[in-house]
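Okay, so chain A shows up in both of these, paired with chain B first and chain C after.
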Partner chain A sequence: MTQMVQIFLLGMSLGGVYALMAAGLTIVFGVMRIVNIAHAAFMFIAAYITYFLFQSFGVDPILSILVTMPVMYLLGVVVYRLVFARIADSSRFAELTVLLTFSLALVIEGLLGAMFTNIYRSTNPRYATDAILFGNFYLPEGQFYATLISLALLGGLWLFLRTTRTGYAIRAAMQNRTAAQVVGVDVSRISTIAFGLGMAMAGASGSLSSFLFTFFPGKHWEWVAILLSLIVLGGMGSLLGSLVGAFALAVSAAYVSYFYGPTWSPITFFLALFLILMFRPRGLFGKPMEA
Partner chain B sequence: MLLEVQNVHAGYGAGPSILQGLSMAVEKGQSYCIIGPNGAGKSTLLKVICGLLHPRQGQVLFKGNPIHTLRTDQILMQGISFVPQDRSLFPDMTVRENLRMGGYILKDRKEVERRIDAVYELFPLLKERGNQLAKTLSGGQQQMLAIGRSMVLRPEIIMLDEPSLGLAPKIARQIFDSIQFLKQGGMTVLLVEQNARLGLKSADWGFVLDLGKMSFDGPADSILADERIQELYLGRQKPPRGGETA
Partner chain C sequence: MKRTVWFVLSSLMILAVVLSACAAPAQPEAPAQTAAPAQTEAPAASQPPIRIGASLPMTGGFAINGQLHKEGYELCVKLINDKGGLLGRQVEMVISDNQSDTETAIAQTERLINQDKVDFIFGTFSSRLTFPMTPITEQAKMVHPIPAGAALRIYERGQKYIFYFQPNAAEYVGKSPVEMIQNLVPEADRPKTVAIVHADDFFANSIVIGLTGGKVEIEGSDRVVDLAPGVLAEAGWEVVFQQQWPEEGFSDWISLANSIKASNADMVFGLTASPDETIQLVRAMQTVDYNPKGVYLSQGTQEEFREGVGDAANGIFIHSSWHPAVQWEGLLAGEPFTNQDFIAAYQAEYGKDPDEDVAIPFAICQGIDQAVRAVGSTDNTAVRDWLAARTEAEPVKTILGDFHWDERGLPLNKPFLMTQWQNGELKFVYPLGEFPGTVDLIWPKPEW
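And now, the complex of A and B:
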């Protein structure tokens, strides 16, 4: 029993980071209907920035979030303006974004490969290997911090969306784009901000991933698949859904890993994706599929 | 003239022009009903007026000033509000939050809250449901909320696209009663209505939109009485030509 609780805690302590990744993807999908296949690639840019700062200047990976979030926000704004804004009115927007984000992912992968080679990397601050004891249970210190920070950032995002004028506008655009336009929301400006925010989330989760997982440029594909399963489980476009999906799958993966070995844990996500699409395509919190 | 549409051509993306040289004029304090077959471009016309779609040619004048190059928020600021065909609410926001979004372009939050209270006086039912999510309202209540939301800006012109769509006849009449009430308050009403009889009965003036243009306009009651228009657009049951002798 103790062991089961321990596994549950381990799963939960990764769920926060998954949720942060999924939130970034969800906000971009929710406002712009862009399924950002390059989300994990953007996360990797942040992971490599963090790695670079850590190796060269000894900057703490958690602290480097202060760099990666604004940098990724700006990168997001630029990418949105250059790549997506100009096709926003196209009737083929959905198809185009899949192709565009796919090629963005390839470009990023290539650039990262050229700059950092294809060797496995990770940052190794002290807390990456230490554990914290809570009575009979333990948590890897890095996972514990990462989840706390993720939850704090998600809380900040929640407050932002609930209390600020821009936040209201973003939620409005997520819920009904036409309605948002009709009340005078500049949807193009809001889309730019939302894309930037999604990328800032990718930035923070990239920094946190740098000491939780090992990474090399091509590995972002595995992450995209995982992230897609999280947001499909939650219901595409639902922030609460992506949060619940993230924790549910993180915990499931922890159990699978315990019972069948760590190599099987990624299968949890893909199997879940498959089952959800078969039996409840709209996910836990999603609206029924519409055009 | 409060609002003038002059020789407007408009369409979507690279597609064909849906409106092809459309002109119309709207006077202050009157109510207008636009009818026409499905796909004629009625909704497209309202989108052009409120800046959701920019014309390819021609112009839209509000109080003599061109507005067809302005953004929707700028046009809203001038005093033209639009309630789209599908009502376009924010389903996961409460009634009050929806109304608050109606005042999105106003910077003064306190003023917005005051105006919401004024809307509540107009539609007490919305006040009762203030904390309910918009998606949990009935069709008629949703339409009321959509109208209430556009009232927050106290527009001079309110444009409504098929407000009776999908509503039971009794509820539709209630909605039309409240539109009538707005008109009595001095507002100019521009209405597109699939239910042409209901729409024309409540309007002063009627327009018939067909083939990208206004093919006919006149006092609403004379349009209602016009044999030819009845046959073409009001769906009057009449045996087909020559059918009687068959």
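And now, the complex of A and C:
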């Protein structure tokens, strides 16, 4: 019984990080219908920035979120204006974005490989290998902090979407792009901001994952596959969905790992994806309007 | 909504293609070969360089090992060239990066032989990459010295041109740590229960078979090598936990470490071909505060490992084919060349300390250097015959010690060294008495 609770705790402490990773992806899809295959590649840019700051200046990986979020936001704005804005009116926009983000991912992977080589990296702050003990249980300190910060950021994002004018506009655009345009929302500007926000989320999750998982440039494919299953489970475009999907799958994967062995734990994600597409293609929280 | 599903499906299909290209698929039979290039002696006047091809994993999962292998080969070739070359010709390495990918390694090996028409092939890193490469070199009658391809299956296919430049096949690796503990640790302190965790990897699976007494099936024949009852059963140690992790997409190391901890095993065998995974494993065991008496890893002698785990390395032991303290004496360009000469040369060239992933390829280059000088030509069959004819009294002499091989291409009478991390340094702890330079084993492992 103790062990069952412990596994639940371990799963939960990973879930928040998955949720933050998935949130950026889902918001970009929700507002702009961009299936951002390059999302994890952008996350890795932030992870490498964090690694660089940690190795060169000893900057704490969690603190470096203060750098990676704005940097990634700006990068997101630039990329959106350069790459996506000009094709926004195309009738085949969605299909084009899959190809575009796919090639973006390849370009990022190549650049990171050239700059940082393909050796596995991770940052190694003290809390990365410590645990918080309470009674018979423990929580990995790094995962715990990362999940707390992820939840705080997600809460901030939620508040932003609920209480600010820009937030209203983003939600309006997520619900119905054309109608939002009709009532005077500058959809192009809103899309740019939303893409930037998505990338800022990728930035924060990249910094946090730098001490939780090793990374090398080509590894982002593994992550984007996992993230896509998370957001499809939750319902693409739904923030709440990505949160629930992330926790559900992280906990399931931890139990699968315990009972059936780690070989099966990555399969949990893809099995869930398969089942949800078969039986409830719109996902758990499937109205893509929801924020 | 339908559109949504299609976007997801199409993007996933793209991903599937990409991932399958990255993953290591099952090995197909090597494609039919064109005839081996004829060995034509160059006219004495022009003297083109002797070209040696190698397809190495310079990027991807084996990048650390692959880059060190490149340094080992290149350092040796440079030293030979500095001493006047080989048969009066300069030596040149032709290295291509196979990205740790099996298909790429196969294609590059064929290109090196058929298009680049190199004079010799030097082997690559890992059993997974080596296994499909040796049929290609065998068919082309090219000598294939193997630096890291320990799986017994490689050597049980009746191939004549392969020579392994490490002490023994992976199936026998597990003997070394067990024998060391039996000889150095008092009976009462020895482990009684063992946890085995390993990558789903060619090399790691091979070690597991040896530890637990499995069977090795040899592809393309009905031969089966039975290793029962296994090294652990012979020692009377009980396996209380055994799990493998997948080669791709595994990230939840802490849950795995938690399961190992729940088994409460006295000792952990962590087996993989890549130090990156042992770094993850050690960090996770440290995080969940699981302190077994002993931790043996199949990878982790590298400086990258020490950096990755920090002080947690203390007390962990790893088998090794090489150690800087061992005073082996080899030959290079016809002159005596000791292990210590090698260390000095490497430090001068690269400004850091070498490890076994540099020393082993260096030894391969020494072996081919000796063979070519002895037969006086680059004829691969003559070189192969000379290597196969080595004996205990007339071995190939390298910085890894002396080598002579059985008919499978596995070295005879070579024990592994056991090394242990002690306060930031990789010490050499076993076997005792054969070489100077051993230090006392730390047992049990200090708490994290």
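In this section, the second predicted complex is superposed on the first by the 285 of 291 C-alpha atoms of A that agree within 3 Å, B and C clash if a C-alpha of one lies under 4 Å from a C-alpha of the other, contacts with A are read in each partner's own complex, and residues count from 1 in each chain.
The rule is simple: contacts are C-beta pairs under 8 Å (C-beta built on N, C-alpha and C of every residue); 3 or more make two chains touch, one makes a residue touch a chain.
Treat the numbers as computed from the prediction; the structure is a model and nothing was measured.
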*asked:* Just checking: does A:94 make contact with chain B only, chain C only, both, or neither of them? Give me first, second, both or neither.
replied: second
*Touching A:221, do we find chain B (first), chain C (second), both, or neither?*
second
*Who does A:168 touch here: chain B (first), chain C (second), both, or neither?*
first
_For A:236 in the superposed arrangement: first (chain B), second (chain C), both or neither?_
second
*asked:* One more residue to check, A:122. First (chain B), second (chain C), both or neither?
replied: second
*Looking at chain A, does chain C or chain B touch more of its residues?*
C
*Scan A:179 for contacts with chain B and chain C and give back first, second, both or neither.*
first
*Doubly contacted chain A residues - partners chain C and chain B*: none
*For chain A, which residues are in contact with chain B within the complex?*
89-91, 165, 168-169, 171-172, 175-176, 178-186
*Within the complex, which stretch of chain C touches chain A?*
1, 3-5, 7-12, 14-15, 18-19, 22, 58-60, 63-64, 67, 200, 243-246, 248-252, 254-256, 258-259, 262, 276, 279-280, 283, 286-289, 304, 308, 310, 312, 448
*Name, in rising order, each residue of chain B that touches chain A in their complex.*
12-13, 50, 52, 71-73, 76-77, 82-84, 86, 88-93, 97, 100-102, 104-105, 149-150
*Using the touch rule from the top, collect the residues of chain A that touch chain C in their complex.*
3, 6-7, 10-11, 14, 33, 35, 37, 94-95, 98, 102, 113, 117-120, 122, 124, 128-131, 133, 138, 140-143, 213-214, 216, 218, 221-222, 224-226, 228, 232, 236, 253-254, 257-258, 261-263, 265-266, 273, 277, 281-282, 286, 288
